[in-house]
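In the two assemblies presented below, chain A is common to both, partnered first by chain B and then by chain C.
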Partner chain A sequence: MSGRYGLFVMVLLLAAALVATACAGQKAEEKKIVKVGVIYPMTGDLAAVGNDHKAIMELAQEIINGEYDLNIPLAKTRGLPNLKAELQLVFGDSQGKPEIARSEAERLINEEKVVALLGAYASSSTAPASQVAERYGIPFMTPESTRADLTERGFKWFFRNIPYDRMAVESQFKFLAAVRDKGINVGNLGLLYENSLWGQGAAQEQRGLAAKYGFTIVVEVAYPKEITDVTSEVLKLKAAKVDTVLSTNYINDAILFMKAFKEQDFTPGAIIGLEGGMVAKEFIPSLGKDAGYVLTTATWSPALIETKPIVGKINAMYKEKHGKNISAYQPHAFTAVMVMADAINRAGSTEPEAILKALKATDYPGESLIMPWKGVKYDEKGQNIYGDVPILQILDGKYEVVFPFELASKQLVWPAPPWSERK
Partner chain B sequence: MTRKPTKETLPALPGSSLLKPGFLVPLLAFVVAFPWVFQRSTFQNTAILVLLYAFLGQAWNILGGYAGQVSFGHAVFFGIGAYTSSLLLINTGLNPWLGMLVGAAVAATVAAVIGIPAFRLTGHFFLMATVGFGEIIRTLFVNLPEVTRGAQGVFLPLLESSIKNLMFRQSNTGYYYIILVMTVALFAGTAWLERSKLGYYFKAIKEDWEAAEALGVNATRYKFIALAISAALTAMGGTFYAQWVLYLDPYSTMPLMVSVQIALVAILGGVGTVMGPFLGAALLLPVSEVIRVAVGGGGRGISPMIYGLAIILISVWQPNGIMGWVQARERRAPQDQTGGAEP
Partner chain C sequence: MDLAVILQTLLSGVMMGFVYALVSIGLNLIYGVMEIINFSHGAFLMLAMYIAYWLNVMAGTDPVLAAPASGLAIGLLGALTYKLIIKRVMKAPALAQVFSTFGLLVFLEALAHFLWTADYRTVEKTAFSGVVSLFGLRVGLAKLVVAACAILTTAVLFWFYNRTKTGKALQATAISHRAAKLMGIDTDRMFLISWILGGATVGMAGAFLASLYNIFPTIGTTFVLLAFAVVVLGGFGSITGTLYAGLIIGLIENVAGIFAPAFKYAVVYALFIGVIVFRPKGLLGR
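Then we have the complex of A and B:
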């Protein structure tokens, strides 16, 4: 018994030592500090996301606190000049669980005395964490949670940078209108969508916007996402003489449809996806060259590294530190730090009401963003109204930005060449 | 009343040293004073989680510990309780306390329906069936957006802070005392159950249900009773959770992991004992929380690793849970006394 007990104590001591070493690196402060709390899943299923976000947010903190020759507010000066203070990000771990996200928000507000919160990736963590912020009267900014009704709660302290799903659909129609203005024949639209919450919601938006922008939908084809044979669905599209397909799919069905289009030699002028399956990382590898010419919305694209200088510069700094390119939702996290720091600096105070006022007056310039957006400016619900969603096209096996035209990395190809003429 | 056995005629129950005033009074004083002594929100949130899981573990213990029907599907009842009161609050403005009772009734009904096929199975097969039902009902919650708002989840409205609304805006003390009262009441009820006829029926079914049937206990009926009580109580815990976190969705409220955590608290503490679920919760949850807070965002995987290590150590060192260790001490103590008294 005592031998086992001894072992138990030893392991506990070892554990304590581990904890102590992990804590050791987190001290040291000399000058005035403004703390901003960040809640991400640092452990659990989504740990990779949280730690990637932490890495790029620390780069943002470094740029703010140091002096860098970048066309970004606060980069050229040290810290937050109006407060004569440094920015310090304090990270919390949500474990991807709502109740932990809630606890972490309280801990950061009460114990770390943060003046604002950022986070928390999954909408199910953002929801309770932002509720805590609302109760305490502290600004909460989400860089990447897209669940539409987060901004429909009538919250005073909640801000969202990322465009939500509805705005991606809107981007499809802005793109169609711009293409039409160039004299290209967009023709009749056909809607193809998986028949659950997401697909149905998208189709509803598409109907409304088609009427608004003056396009005609000639057929709607809805299918269950577990579908295994899509022949009759493709025949319906063919029979209706669809010129442009607006396609809302998950990955497996997206691949099935592309294969069936080829088999039945159905070549619409354009196939425009809504993220989902069309941007999943399996899409191009599974289809090879048959994925070519597909268009899709995406909130961010690696192609921006080459087309937008500021993205290239930030990417180079990140790559030097971490040995890889920035990806996925990392740019959103970086942007949130920059926009929040700018607002706190403009507020010139750490009073919550002053920061709130500054956030509401935000008009962040698009050229300083590593996003493809016109800028950051919030409506009365806290939603960023400048959050544009670019349109990508798969050309030579890569996603290229084709719209907005001024950010294009490659020229748009429309109509897509027929299957028989593709190499 | 006359047939009720007196205290002297009964053998001492295992772990009863933890039910004596010498242990209970200081413990109660400690938990009542806790929010005044520890004002940091991390401590208070952790304490609320400990009490909530002690409550859920005890609800599970009635079915899994006393009646011996091990379930890994209790997240379903937890979710039903959370959703019922929340949806009633949003759609009809029903007070959450009444919603809690409705949720308990709904959970007991669902439990009874699940019990009809599940109680045809025993042992491992019953356990597997509960996992299956858990997944089925969670999937239903995702795919019935008209009722449950599906994957979008449910946001609870922010009401005025009061005990009546079961909602407190800035302070956790209110939540703490509510879950404390709920937990103490449930533990007192369980202590009573252990000595009651119902409790003995449960234990008889657990030991050998065929023998119990032979002695005239309607085993199936009492299994249903245990399941219904357990489900109703778990649902009440669910309502508390909803009012505290203020957001629900099927993926985070009713995953298999919640079922496992509920069972784990009771199993590590000691199944079929009154204090087991409390000891299990008091050990397990702070281990995970304290490590997470101490390590913060920088610890990578250290926190779940230490958590897992603690579970393995307890299982290896004391397979009967923490209560097994307490009981071993109790057995040793009286032996020493009698040994000394012998001529």
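Then we have the complex of A and C:
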């Protein structure tokens, strides 16, 4: 009896010793951790975006915490050297809904104790989430929300890397004016936009700029983005004899509209998108040759993978892990992690005021960015002043830069050939 | 407004109407027979679309031709749902029934998300592409085929429901479970059949829709909301009402789309609420 009892004690002791050594080992290696919260739609109809963003942001985290021979601040060193800490991204799921984005921001700040927030894709989610951050005095950086007035709210803690809609829309009109100067007939404009915060904001800018640049808008078609049938919307555009369509869509609706344009044999001289659906990774594969000749503003183009070395390197790392190229807004998400981590490191502290000060002093070098920008530097409203918006056209199934003309990788095709003449 | 535009709108409305009707019929069939609302209906539709998608990717089957397979699979899923879940909660409070099918919806969507990620997928190899002209009206061939198949499927269901003995037994069960039982109808079997039929019709609808829409885990929600509006308008338990209501909603959606596209669903759901308030039993409800 006592023998068995002894054996039991021995096993117990051994187990205790093992646990103790394991704990000790962990303690020796334990590093300080700096948490940054990320809010994206991980479920719901924008889930594809959120999950893609998460994948590339985790790569950014890996590059920061590991040692990599890349010309990017924090890549060559482990973690955040000034804080002797590792960066940890904590993800929250907005489900694409404003009210949930807000509650996730609360949770990340109060329960996860994050020192900064990134997110939240849809402008309608970014607005309430950043409001929470403002109230708590925590920096909020949006990599990709483009609604113009996000930076017009007089917020102290809000930063935006992407050029906002007014800059992208301005780029659309500079392009239209330049095309007109070449003697091409731009004709009457029609606005087609999804009827939420983003689309309405874009339409408002477009109205103002059309007047400024001397173009006429003959029809406006706003539609709910959960739309299932768009025939009547297309008929409305067609009946108004629109020559150039300015189209602000998410991916699902963008595809439905392109299919319906073809079905109703509606070929405007140009369809000019405002990023969003027209640059989503599904756009060309879903439509095949029917995606041809579409124009769109884009702050990022896959052409950069070949033309800018740092983009190629990051893409190779991503591809090795996930088996596909980086696309659409992913580079923005990656960039936000890098810029935020750099600011926290320069602050040398997790105090919100110190991080804020560092963010305001940001002057991130363009050659380290996987974006086509000169760099990242914020004005007093928190807007990145170095964002540029080229215009791309889908030619032979690829996005090509067509404007500014001096940076063009291919010659602009305008007007687009009618559906019946496309092969 | 141009006559051609009006005709085109009406045609498009009628075609979508048949599709909405087919999507909604299964929902109403199950409700009519059992008085249980299948909240997982949208997830059934989504799974059917994925079945059509994967058959297309692996075997190159056109989604329309995949309809029998997906109808069979989702019919089977309906049977399983009845046997494993519904039968157990039939005597439970109505709320438990609601949550059991709602739970199934959440589970199936999460499962799809896990298995196939949230990526938008498109059926690429389709036999029906291009556009046909009908008296100057333009219709996508794929859409035309889908509408035709929806009409055909609905017609077959109507025939089954109104002309066969089993169909009549289903109707009898719908009127009164007790009376049907007294007449010697195996009501348990009728319940099972209603779930199989409900699953099979939405399964076929899913395959048809797969050639028109992008496929992702929450695609069902978009359609099932419209389906609820269709069922309410047509009347709970009335299959004929569902057909009419589908057509009405397809037409309203398209006509409203010409005048005020931003409010087209507002118009549809205002009608939905109006019907609930002023004629709760719907057009042809009992």
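Just so we're on the same page, the second predicted complex is superposed on the first by the 235 of 423 C-alpha atoms of A that agree within 3 Å, B and C clash if a C-alpha of one lies under 4 Å from a C-alpha of the other, contacts with A are read in each partner's own complex, and residues count from 1 in each chain.
FYI, a residue touches a chain if its C-beta (ideal position, glycine included) is under 8 Å from a C-beta of that chain, and two chains touch if they have at least 3 such contacts.
Keep in mind that what you see is a predicted model, and the values were worked out from it rather than measured.
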Practice task
Classify the contacts of A:Glu263 with the two partner chains as first (chain B alone), second (chain C alone), both, or neither.
Solution key: second
Exercise for the section: Considering only the touch criterion stated at the top, classify A:Asn252 as touching first (chain B), second (chain C), both, or neither. Expected result: second
Exercise for the section: Look at A:Ser232 in the shared chain and tell me whether it touches chain B only, chain C only, both, or neither; answer first, second, both or neither. Expected result: second
Exercise for the section: Answer with first, second, both or neither: which of chain B and chain C does A:Tyr223 touch in the superposed model? Expected result: second
Exercise for the section: May I ask you to decide whether A:Lys97 touches chain B, chain C, both, or neither, giving the answer as first, second, both or neither? Expected result: first
Exercise for the section: Would you sort A:Ser286 into first (chain B), second (chain C), both or neither based on which partner it touches? Expected result: second
Handout entry: First, second, both or neither for A:Ala47, with chain B first and chain C second
Key = both
Handout entry: Touched partner set for A:Glu134, first chain B, second chain C, both or neither
Key = first
Exercise for the section: Compare chain B and chain C by how many residues of chain A each one touches, and report the one with more. Expected result: B
Practice task
Take the contacts of chain A with chain B and those with chain C, and give the residues found in both.
Solution key: 43-44, 47, 50-51
Problem - chain A partner contacts - residues on chain C that touch it in the complex - result: 1-2, 5, 8-9, 12, 16, 110, 113, 117-122, 124, 131, 138-140, 143, 212-214, 216-219, 221-223, 226, 250, 253-258, 261-262, 264-265
Practice task
Spell out the residues on chain B that touch chain A in their complex, using ranges where they run on.
Solution key: 40-42, 45-46, 49, 143, 145, 150-153, 155, 158, 169-170, 172, 241, 244-247, 249, 251-253, 289, 291-304, 306, 309, 313, 317
Problem - Parts of chain A lying in touch with chain B, wherever the complex brings them together - result: 4-5, 8, 11, 15, 18-19, 22-23, 25-26, 38, 40, 42-44, 47, 50-51, 54, 91-93, 95, 97-100, 102-103, 106-107, 109-111, 123-124, 127-128, 131, 134-136, 147, 149, 153, 196-197
Problem - Touching residues on chain A, where the partner in the complex is chain C - result: 43-45, 47-48, 50-51, 195, 221-224, 226-233, 235-236, 238-239, 251-252, 255-256, 259, 262-265, 280, 282, 285-286, 288
